[in-house]
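Same chain, two partners: chain A is paired with chain B first, then with chain C.
On to the complex of A and B.
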C-alpha cells in the first residue's frame, strides 16, 4: 500500500534522508524509531508531498505522490504529533468540514457514530475544540480516518504527550483499523507501544534506515538493546 | 466544496469577537452616515426649491423697468442636488450651490457648504462614501489578513492539504468567505439607500439603475481588496507581518496616493489664482468693446460699420435702438472673453484629470473614487456642466433683454419700460444633467483601470497560492 523506492531528501547539501526503500502492506503497522532529526518526519512529509523528494519515489496505492498529489491524498489520513483543528468550531463541525474537503458526505448521525467509534465521549461532540484535551483531538483524527475510509494512516508521533491511558486507547484504535486492512506508517519514540501495537519496526539514524524487523521476531528487552546499539 | 469552505470561514469569522465588534461598528457608522446625509439632503433640497421659487417670482414680479436694467437686476441659477449625493457628496461641499446671473459678468457659484461650517469640519464628515470607500477595505483587511497565516501558524494548513483539497478551491472558498460578510453589510445599505431615495419627494433624476451601478463599482473595488488581502496572507508565514503589510498597502492606496496624485497634478498643471484669473479677464475686457461706453475705440469702429451697413449717417436713424444693440454686442464680446478664459481653466482641469487617470493605475482607490463621484454627479465635471448651462442661460437672458430694448425703443430713450410680459417670456432656468451614457463614456478609462485591477489582482492571487508551500 505504501512504498518508498530509493526515496531521498537533501536540504542545502545536507542529507536529511539517504536513499531509503521499504514497503508497508495492508494491515501492517510500520513503526519508525529513531532520535530526533533521524529523518522520520521527513519520510512522512515526503509521502504527504509537503516536500519534494531529491531522489527516488514515494508511492501510495501504487501511485506516485508527486505526480498525483490529489489522488493519493484521497487514500490517506494524516495525524501529526499535535492534531490542530479549528478552535472555534465543535468536534463534529471539524469532522464534517475536513471530511467534506475529502468529498465525503454523511448524515449527521453517521459523523456522530464515527466520533463515538473513535472513543470520543458523546458530551464532547458539540463542544468547541478549544475545550478539548490533546487526546480528544487525536481521537477526532481517528474519526477523520474512519469517515474518510482511509486505507493509509500517516502518523507523526501521535501518542507523544498523551497520558498512558489515552495512549493505550489510541493504540487500540490503531489495531482496530489495521484489522480492517489499513496500512499505517507511524513515527514514534515509544518502544513499548511499537512492540505492542506495531507489526514492523524500522530504525533510523542520520537519514538512513539501519534496521528493519517484524515485532514477532523480538522481545521488549532485545528491542531496547538493539535500539541503543544503533543509536550509539 | 467552495461554498462549504466559505461557510466554514464565515462560521469561524462570526464566532470570533473581532468580527462582531468591527461589523457592528461598521454597520452603525454606515447607518448613521446614511441618516445624517439623508436629513442634510432633505433640508438642502427644501431650501433649494424654496429659493428657486423665490428667485423666479422675484424675476417675474420685478415690476416695470428698462430691459437692460432688468438684465442688471439679474436672477439666480440653482444647482440641483442630486439624489445620489446622499451616498457620495463628492466635491459638492466646496463648489457652491447657486450662480448669480447678471449682465456683463460671469459669476462663480457661491455659498459652498464648506463656507458655513466650523473648523471641526476639517476633520472630515461622516458620509456614506467615507465609510464605503475608506473604511470597508480596512474591514476586509481586519477580517482577512490571517486567512492563510492563521492556518499556517496553527498547523491546520497541513491537515487541510492532507485531505486532498486543491489550493485554488481553498482560496476561492476563503474569497467567498470574505465577500459574503461584505455583501451582508453592503446589501442592507443598498436597500436602505434605495428606500430613502424612492421616498424623497421630487427626487428628480434618481434611477435605481444608477444606484445599482454605483454599488457594482464598490463591489468590484472590494473584490480587489479581498484579492490583495488573500494574496498578502498567502505570502507571509506570520499573521502580524501580513497585517502590517496590508495596513501599509491600505494607507498608501487610500491615503497617500490620492494626495500624491493631487500634488503631481497641481505641480504639472497649476490653476491660476482667483486674482490672476480675474486680472486676465479684466485685461482682455479693456482691450475690447465696452457696451456702456460709446466713446470706446472698438465701439466707435462698430458704429461706423453699422451706419455704413444701413446707409444712414447717424445712430438716431437706425431702425433699432443703438444703445441696446451696442450693449448686446458688448455682451457678446465679454461672453467670448469669459468663454476663452473658462476654457483655459477647463483645459487645466482636463489635464489634471488625465494625471489622476494615469496615477489610478497605482491605487484602486482612485478609479473607484472618480467613478463614484461621477455616478453620483458630484464630481467637477458635473459642476462644469452645470456652470456652462447657467452661462448659456445668462447669455440668452441678457440677449433677450438687450434685443427687446433695441427693437422696441428709440436711441437715447432710457425711459422705455418693459413689464412682466417680457420677464415671464424668458423661460425658467432648466438644467438637464448629462446622461449616464455620457457619464460612463467620460469615465471609460476609470472603469478599465478598475477592471484591470480586478483581473491583475486575481492573477497575482492565483500565482501566489498555487506556488504556496505547505511547510
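On to the complex of A and C.
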C-alpha cells in the first residue's frame, strides 16, 4: 500500500535521507525509530508530497505521490505530532470541514459516530477546539481517518506528549484501524508502543534505514538493546 | 470543494470577534464620512439658494419700483439709485451663476473646499476672471477632509490588508496548514478561494455601508443608479486590487509579521509616496506664477486704460460704428460706463499674456498630474470619485469658463442698450439672461480611471502567476 523505492532527499548538499526502500502492506503498522534528525519526518513529508524527493519514488496505492498528489492524498490521513485544527470551530465542524476537503460528505449523525468511534467523549463534540487537549485533537485526526475511509495513515510522533492513558487509547485505535486493513507508517520515539502496537519496525540513523524487522521477532529488552546499538 | 471551503471559512470569520469589530467600525466610519460630506454639500447649496433668493427679491423690488416711478407714484431717486438705469441693474442686480452640487457630491470633497460655488459677474470688472479662490480653513487643508473618498482611498486598503495579510501565514504558523495540505486539494485554489470569500464579504459590507449611509442621509442614489453603480464598481475594483496584492504577498510564503510589513510598505508607496511625489514634482516642474503679481499687473493695466478712456472710446466707436451715438445732441446718461466698456477691451488685451501664463502653468500642472495618475491606484480612485462627485479640477475649470461666458452674455445684454441710451422696464426682468449649471461638457475621467485600475489588477494577476511559477511548494510550507 505504501512503498519507498530508493527514496532520497538532499538539502543543500546534506543528505537528509539516503536512498531508502521499504514497503508497508495493508494492515501493517510500520514504526520508524531513530534519534531526532535521523530522517523519519523527512520520509513522512516525502509521502505527503510536502517536499520533493531528490531521487527515487514514494508510492501510495501504487501511485507516485509527486505525479498524482491529489489522488494519493485521497487515500491518506496524516496526524502530526501536534495536530492543529481551527480553534474557533467545534470538533464536529473541523471534522466536517476536513472531510469535505477530501470530498467526503455524510449526515451529521455519521460524523458524530466517527468522533465517538475515535474515542472522543460526546460532550466534547460541539465544543470549540480551543478547549481541547492535545489527546482530544489527535482523536479528531483519527475520526478524520475514519471519515475519509483512509487506507493509509501517516503519523509523525503522534503519542509524544500524551499521558500514558491517552497514549494507550491512541494505540488501541491504531490497532483497530490496522484490523480494518489500514497501512500505517508511524515515526515514534516510544519503543514500548512500537513493540506493542507495531507490526514492523525500521530503525533510522543519519538518513539511512539501518534495520528492518517484524515485532514478533523481538522482545522489549532486545529491541532496546538493538536500538541503542544502532544509535551509538 | 470551493463552496465547502467557503462555508467553513465564513463560520470561522463569524466567530472571530476582531473581524466583527472591524466591520462594525467600518460601518460607523462610513456613516460619519457621508455625514461630513452631506454637511458640506448642504452648506454649499444653502449659500447658493440664499443668494438666488436675494436676487429674486431684489428683482421684484426693482420691478415694483420701476412701475411706481413710471406711474409717478414715487419721486425720482438720484440717478445712481434709479432702477430704470441699466447700469444699476447690470452692476447692482447681477445674476447668480451657481455650480449646483451633483447628486453624489457628498462622496468626495475634491476641490470643493478650494473654490467658490457661485459668482455674480457684473457688467464691468475683473472679479469674475480672478476671484475664484476662496479662503479655506487651514486646519482642514492640513488634514484633508474626512469624506467617503478618504475612507475608501486610505482606510479601506488597510482594512483589506488587515483582513488578508496572514490568510496563509497564520495557518502555517498555527500548524493547521499541514493538515489542510494533507488533503486532496490545490493550495493555490484553496488560498484563492479563501481570499475570494473574504473579498466578497468585505465588498458586500463596504457596499452595504456606503448605500446605507447614503440612504440615511437622503442621497437619492436610486434615482442616480448610473452614478451609484459607477461608484460601487470603482470601489470594488480598488478592493479587489488590494486583495490581489495580499494574495501575491501571501504566495511568497513569508511569516505574518513580514507580510504585514511588506503590505504596509506597498500601501505607503501607492497611497502616500507616489501621490506626494507627483504633487511635489508638479510644483517644481511647472511653478504657477504668483497670483498677487497677476492681480497687480491687471490693475496697473486697468488704471492706465482708464486714464486714456476718452481716447479709447473714440477708437472704439471707429471699430464699432453700430454703437456710435445717433443723436449727438443728447448726452448719453451712461457715458461714464461707455468709456469703461471700451477700455475693458484694451485692458483685456494687455493683461492677456499674464493671464495666459498663469493659466498655462495651471494647465501644465494639471495635465502632469493627469498623466501620472496612472502610477497609483489611489490617485485613480480619487480622480474617479471626484469625477462622480463633480468636484474634480476639470469641473471647477469648466465652471470658471461658464462664469466667464455668462459674464460676457450679461455684459452684451447691457452694452448695446446702454449705447442706445435705453432704460430698464419692469417687464425686462423676465428677459434678463439667466444661467443654469450643467456639467455635461466636462470631459469625464471615469472610463480612463477605471481602465487604469483594471490595468493594475492585470499587473497584480501577472505578478501572482509569476510568483506561483517561481515558487516551490516547499517554500510555502517551509518544512
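Operating definition for what follows: the second predicted complex is superposed on the first by the 232 of 232 C-alpha atoms of A that agree within 3 Å, B and C clash if a C-alpha of one lies under 4 Å from a C-alpha of the other, contacts with A are read in each partner's own complex, and residues count from 1 in each chain.
In this section, contacts are C-beta pairs under 8 Å (C-beta built on N, C-alpha and C of every residue); 3 or more make two chains touch, one makes a residue touch a chain.
Remember, it's a predicted structure, so these values are computed and weren't measured experimentally.
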Contacts of A:93 with chain B and chain C, given as first, second, both or neither: both
Touched partner set for A:170, first chain B, second chain C, both or neither: neither
Touched partner set for A:114, first chain B, second chain C, both or neither: neither
Touching both chain C and chain B, counted on chain A across the two superposed complexes: 45, 48, 50-51, 69-71, 73-74, 76-78, 80, 82-89, 93, 97-98, 100-103, 154
Contact footprint of chain C on chain A as seen in their complex: 45, 48-52, 69-71, 73-74, 76-78, 80, 82-89, 93, 96-98, 100-103, 128, 141, 154
For the chain A and chain B complex, residues of the former touching the latter: 45, 48, 50-51, 69-74, 76-78, 80, 82-89, 93, 97-98, 100-103, 148, 154
Chain A contact footprint on chain C (complex, rising order): 1, 4-5, 8, 11-12, 15-16, 174-176, 178-186, 190, 472-474, 477, 479
Of all residues in chain B, those that touch chain A in their complex: 1, 4-5, 8, 11-12, 15-16, 154-156, 158-166, 469-471
